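Both of the next two complexes hold chain A, though its partner changes from chain B to chain C.
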Partner chain A sequence: MMKIDPPKLKKTALSKIEEIVGLHNLSFSHIDRLNYSRDSNFKSALQNHYNKTECFPDIIVWPQTTEQVQKLVKVAVRHQIPIIPYGGGSGVCGGTLPIYGGMIIDLKKMNRILKVDTQNMLVEAECGILQKVFEDELNRRGFTLGHTPSSILCASLGGCLAARSAGQQSTKYGKIEDMIYDFEVVTGTGEIIRTRNINNISGLDLNQMFVGSEGTLGIITKARLKMYPLPEATLFEGFKFPNMETAIDAIRRILQSGIKPSVVRLYDSLDTLILLSSKHGDSKMKWPGFFKPVSDELKNFGLRLGLKVPSLFQVASRVANAGCLVVFLWEGNKRVVTEEQKISSSIALGLGGQSLGEEPGKFWLQNRYHVSYKASKLFTAGAFTDTIEIAATWDKLHTLYKKMISALKGSVFVMAHLSHVYSDGGSLYFTFVAPMKGLRRSERLYDKVWGKALTTCQKYGGVISHHHGIGRLKAKYMPDEWGEGASLFRALKKTYDPLGIMNPGKLYGDKKDKKKAA
Partner chain B sequence: MMKIDPPKLKKTALSKIEEIVGLHNLSFSHIDRLNYSRDSNFKSALQNHYNKTECFPDIIVWPQTTEQVQKLVKVAVRHQIPIIPYGGGSGVCGGTLPIYGGMIIDLKKMNRILKVDTQNMLVEAECGILQKVFEDELNRRGFTLGHTPSSILCASLGGCLAARSAGQQSTKYGKIEDMIYDFEVVTGTGEIIRTRNINNISGLDLNQMFVGSEGTLGIITKARLKMYPLPEATLFEGFKFPNMETAIDAIRRILQSGIKPSVVRLYDSLDTLILLSSKHGDSKMKWPGFFKPVSDELKNFGLRLGLKVPSLFQVASRVANAGCLVVFLWEGNKRVVTEEQKISSSIALGLGGQSLGEEPGKFWLQNRYHVSYKASKLFTAGAFTDTIEIAATWDKLHTLYKKMISALKGSVFVMAHLSHVYSDGGSLYFTFVAPMKGLRRSERLYDKVWGKALTTCQKYGGVISHHHGIGRLKAKYMPDEWGEGASLFRALKKTYDPLGIMNPGKLYGDKKDKKKAA
Partner chain C sequence: MEINKISQIITVSTGTTLAACEAMLLSEGFYSGYKPVEEDASLTYARVLAERIPNYYFLQHGGIEDLCVGGEGVTSSGQEFTLKSAPRSATGPDLRRMLVGSDGIFGHFKNVTVRIFPLPQKTAWGFCLLDHVSEASEFLRNMLTSFIRPLFLCVIDQEETETIMTELGQKTTDKVAVAFKLADLSALLEAKKEALVHMGEELKHRFYWPTRLGTTEKLDELLLKPKFFKQTFRKNAELFLHGADVENLAEKRLKRELENMAQLKRLKIAG
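This part shows the complex of A and B:
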């Protein structure tokens, strides 16, 4: 096990913290500090794997009430201790890495559903609740949040709010920032702010100020969200399109006709191939053309070969000419969605789509949370994987797709899908796989891929995040991303976190970035 | 004509302003200063009428470019001149009253549509454009903003953004804050900020920071908004309900079933009576029961009587037992809205509604911009009128309706409708009419009515504005309304308007309020 420097915490601070949460709600043990030294960000996992973790929290605390959170912040203010708010640790951008040490405030013990208000269709919960537990409980009562991120099994409500999460059904229900009614937040000065719905309605909208702030301004402790009745019907239809361009065009036209399917996913030919070759569950999905699912042996052989010469995959997918799979789900009132499906379908068919019936959608629904948990299998097989999600308006999506694939395909095996679409644009989601070659070389490759991806994204007018957030990973790109808007961040920091103790180094470039760049 | 003190402007400032916009784009003439001393706020009109206007701008300027706006702000910064951004002057809350004098920056000459982007369904315009001109031009090309406030004939885009406007179709299309893609703003320090769509997608949302700021942080000069194709079909159905409570319940259930009509309006029995007794256009609206439209003579007699004993109206409406009219419009794809109408209708019928067919909806559509321009007729007839719009969650709406009517009905003739409904609640809109009794007594009555209305609203959990904004009128209620959230306003002021020159005294209580309270 890795050697860790002893925690840097003054005795007075420690005894105060103990007084607030009690001995069994805090830890500075070796194993806990190691556990909380990483989140689902790949680079932190990689360093962890090689016993080269760079930063550790000094202490982890599990408060049980907002008042305890407030007191903890006040201790941190007095002793200038960095605070890292923590939920499920499911963030992939390093938003919870304790890069300056400090105190992890883990909200997992604040996980109650406080009120299911059926008259106003609002539900209030503490922010440490896991999204799956939250959604399951609402489903049991006949409701849904309409918020089902791929990370639902391990993401907390607070984390989703902090990073502007989008569920797979965001086309219909919106992103989490569209779902908020009001909330409670403990700022970096120890003030408890209870936003009111007034903020949505007149004057300034305080809700929108803390959403997406990734713990740099405060800790969101409770939130009230909109909820919906479980849909009466869910309809499915898949289509095969000859290529990305025609599929993007068809999806755009469907969205702009005013129809909001709940789910839209377009897989590029390589992603389609991979999807077709998997055999989850008892899918009966049939694919027009010569392509057939392949054996595990063949797949493993393909992976090993592809990792050596990544661009082979792009060639293979062109040869296989599998085309691009599009999956649609519509949900809501049965009679309404029946019409919505008919209209969407007729647009898709008119623009070169070939209907695949219900199967692809049902297959997707069955497996929708599986794909995020394949990283460790690949890791064991000697490879690593990560995902890059960007967003753009419709006019830029196809160019961005081509430019980003072409920027990355020489270095890694890369595929993409389009999802989370809206009338004005959507999100491209790239998955790359690379061979593991020891810590330093893998880190270099990882940094190179991310650098190429995000600079290409910015060059061609995309935005560098749609729903994974910024965290540590993308912080250094934010000055370019926000431009003059950075003054807002500085203004809010000055007010809500004048000492700079709230999740330092996240969301916006800081001195550590400069050191690395130099 | 009223005597006005000469403008307080240093020669150096004046010659600088002239250098920026040119002589014919500025004025400090008596008549212009008088014109811009009021907006559509009733109290300012009243004072104007009695030649007792309290405050005048020192100068009015009509810049033509963002760069001119920026230079004007910099002159104002150097000479500490208050700035009042001005669009159509349609605001009813006194948001453009020059209570500390200063410079009116009227954007009316910045009124171009810059780009109609059909691929991304976005449209960019300068903020001085009038909403009617904007919407008509989009309609001509086959599109709509889905934003049609009652004030559309005289409201500017910038004003709508500044005050969180809602169009009559907000149930379907959202409020203006939901329509923004990005914009350009000149802050109170003379910085030009161009927000990027990034702000909607990752990190902090700068768009949402300036929307609703009512000119207290900066001047929004250009904006890009979402647009939609003109609907293929618009369907109408009206219902008679026995009372407000059952109607509110039916509307709530329709909205919470997931259906979004474009327009929903519920008139209380008195508002229904007034509506039925009007004879705009060639309406063929039939009303079940004994009530029949009355002659103009009878109406005028009723008005004179009612103004003497306001509560008579409430009694009359109870006796007439007209019931409550509900108007629905659904718009979009024909096949989809046909189903939506059927479902809505069946819910309404099941909960005590009686169908009135298409006529009430068509009648409403024909007359939807007329009602706002009746104030001057009443004024001539020796009465004054104003409207109070509040919002609340569903559970509070009926209580708020009863409590606010009962708080006001002793002093004025008051009626209400519910509109702008969402899954979590909606907006109550009170119209009151009072006899004109000279300046001071009318002012006192006006202040008393507003005071009673807003304190009752706050007491029973409503919010004091849905789409008219705060302005000067409601500023003193904001400390209670925002609570701890006020720190956000202070933080933003410190950054974007450190000298406090941007529309001083608006949106939040200031020293003038304290003086009056004392």
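This part shows the complex of A and C:
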């Protein structure tokens, strides 16, 4: 049976917190503390599966205004209570684990859309709002944020801002840091700051200091973002390329010709094999029939044999010669996107791509948010999965792809896709699956895979996160990521969180944190 | 200076002047996408970064803060560091932005890596003629939210609009005009023109497309400096009216690209 120690909060602090948010907006019950002891990071799910939880918050509070958040921070400053800002709990890097206990400030009750400004095409909302609710409401009014992460069903606006989230349409609309106009933030000193939009004018851009800081500098409580009218037209086309290198080259040339498709996704041969064999019986893409059982095997979670010798899958995909699928979506003004499709298509065909028509794109659109539900099925079938997203400039991407696959394929079943592309590079997204072998062995394997992946990424010039953030999971790799540049972050920390109470142990851990880190 | 043509980025020492960098880029078929509002031949990247000097080409390419993707620097306490070049990242706050626009308070770049762009296949000026400045807002909103991002744009008052249109042999009673310059692949540029006209039909926006232009630098000067514009417009009216064929580096570069693609395809088939 799991033992949960009583919360370590002084009575004076507790009564002050109760005074601020009211009795109905706080909890230190065992069940709530257990629920908030984890987020969507796989390792905490694994530990929960084996009835182990390493840390608990002392209290969870649900403020309803920025002023309440400010008062809570001031109480925390006075009593040196660690603060962990919380949104949807969809983060996969352990960014909200209460590793030093403390107070979870959950913004879910701050979930209103405050203003839809159609003159300036800006929308203001409180940061506890779920992205799906936010986007649906904008769609109802004829607008879109253009921010559609796979986790849209459970991610909050605040979480997206904290972790520099990217939606699936980031090539056209940008990442969340490109969408932000200004926001309100309560710093770790209890000060409320309203940032300014200073794009293309002089001055220091505070927006970009707090976005991505993962709650280590302050809590963003409300934000104004750019919005767009719903697109007049959406066009789809899929292509099959002989290999990743040619496909990467084609995508690069399309982007560098000035075209920004809404969605670009390139799947490696293994990912393509699994994706299309299971869903596209009538697809124009054909591969040897004997690989259908391989796919079915995966689909039915008969993973044991493959997971014992994971590199078999890589060999199988090469033999099957499934090729690499690229899915494009173009959206916007009908005249413009029609031309964009024509040009993109001619570049793709010119470099050896084979058109697959609209079907792969439409299929992708219908299933765009389903991926989040696959992990739990694998989990119950005795395997675990996780994803690693990195970014690099074009000249490094293919080498990084090869080196990272090579580093991981001996230990786990691994595949990758390229998405979120820009004129100067893009993000590679690796998915790995491994058998569960008890808590300790599984954790060891998990750490080994992440270690290999991130050190390989750093060795070959990639950055270790494109849109999941750092959290606790990758904090120990940040000294190598930033080098002496970390002193810039320390300067921010000294200004906005001098006591170090804001989400301690995340993003950039000191030596003490490194020992506790994953 | 080190150009990475694959990733379309360049790494320069921050003591380099923008003019020197731009000249080098032009010789290679690229341009920086950055035209500072401050005109000074001795302007260096160090100053541009420290002061975050705004960019006339902001709408299409962003400000210097968007163009800067990494670099090597020194903190104010003298520690040297490298910020990796990446198209985007989620590795904490954007530390590059602490150095851009902070006047050296936190440190400065010694070498900076910035995005560059291939010379456009075609550039063209357009005028949207309107009755009221509020219509200009509506036009701009429609244009920009449709992702039609001109290289440069300015709103011109009635007096200037009249001067320009008279020079162009057009009579006008319009009170305001939005002058903009599109830079793109030819086919895309034409599609964007069509889209703008179509969007403006209901709002009764009137468009005038002077010409397509090959030599554009002098015209930039005109529209970037409204005062200068009136005085010198006459001299350049001819260019406005008739334009020049796009027989420039951009076209040569595109031809090379197509040849390379064809060669690559042949190699693949042969392989």
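By definition in this document, the second predicted complex is superposed on the first by the 485 of 518 C-alpha atoms of A that agree within 3 Å, B and C clash if a C-alpha of one lies under 4 Å from a C-alpha of the other, contacts with A are read in each partner's own complex, and residues count from 1 in each chain.
Definition applied: contacts are C-beta pairs under 8 Å (C-beta built on N, C-alpha and C of every residue); 3 or more make two chains touch, one makes a residue touch a chain.
All of these numbers come straight from a predicted model, not from anything done at the bench.
Novice: Determine, under the contact definition given at the top, whether A:Tyr181 touches first (chain B), second (chain C), both, or neither.
Specialist: Once the two structures are laid over each other on A, A:Tyr181 reaches chain B alone.
Novice: Quick check for you: in the superposed arrangement, does A:Gly350 touch first (chain B), second (chain C), both or neither?
Specialist: Second partner only.
Novice: For A:Glu191, is the partner it touches chain B (first), chain C (second), both, or none of the two (neither)?
Specialist: first
Novice: What is the contact status of A:Tyr496 with respect to chain B (first) and chain C (second): first, second, both, or neither?
Specialist: Once the two structures are laid over each other on A, A:Tyr496 reaches chain B alone.
Novice: Looking at the overlay, does A:Gln256 come into contact with chain B only (first), chain C only (second), both, or neither?
Specialist: Both partners, chain B and chain C.
Novice: Looking at A:Leu122 after the superposition, I want to know if it touches chain B, chain C, both of them or none. Which is it: first, second, both, neither?
Specialist: Touch partner of A:Leu122: chain B, not chain C.
Novice: Could you look at A:Thr380 and tell me whether it touches chain B, chain C, both or neither (first, second, both, neither)?
Specialist: A:Thr380 contacts neither chain B nor chain C.
Novice: Go through chain A and flag every residue that touches chain B in one model and chain C in the other.
Specialist: 119, 121, 164, 177, 198-199, 201-205, 208-209, 211-214, 228-229, 252, 256-259, 332-333, 335-336, 338-340, 342-343, 391, 393-395, 423-425, 463-466, 469-470, 478, 481-485, 487-489, 491-492, 507-508
Novice: Which residues, counting only chain A, touch chain C once they are in their complex?
Specialist: Residues 119, 121, 163-166, 170, 172, 175, 177, 198-205, 208-214, 217, 228-229, 242, 246, 252-253, 256-260, 332-336, 338-340, 342-343, 347, 350-352, 391-396, 420-427, 461-470, 478, 481-485, 487-489, 491-492, 507-508.
Novice: Where on chain C is chain A touching in the complex?
Specialist: 4, 6-9, 51-55, 58, 62-63, 65, 69, 73, 75, 77, 79-95, 97-102, 105-107, 115, 117-118, 120, 137, 141, 145-148, 184-185, 187-188, 190-192, 194-195, 198-199, 257, 261-262, 264-265, 268
Novice: If you look only at chain B, which of its residues touch chain A in the complex?
Specialist: 117, 119-122, 164, 177, 181, 191-199, 201-206, 208-209, 211-214, 226, 228-229, 231, 252, 256-259, 332-333, 335-336, 338-340, 342-343, 391, 393-395, 423-425, 463-466, 469-470, 474, 478, 481-485, 487-492, 494-496, 507-508
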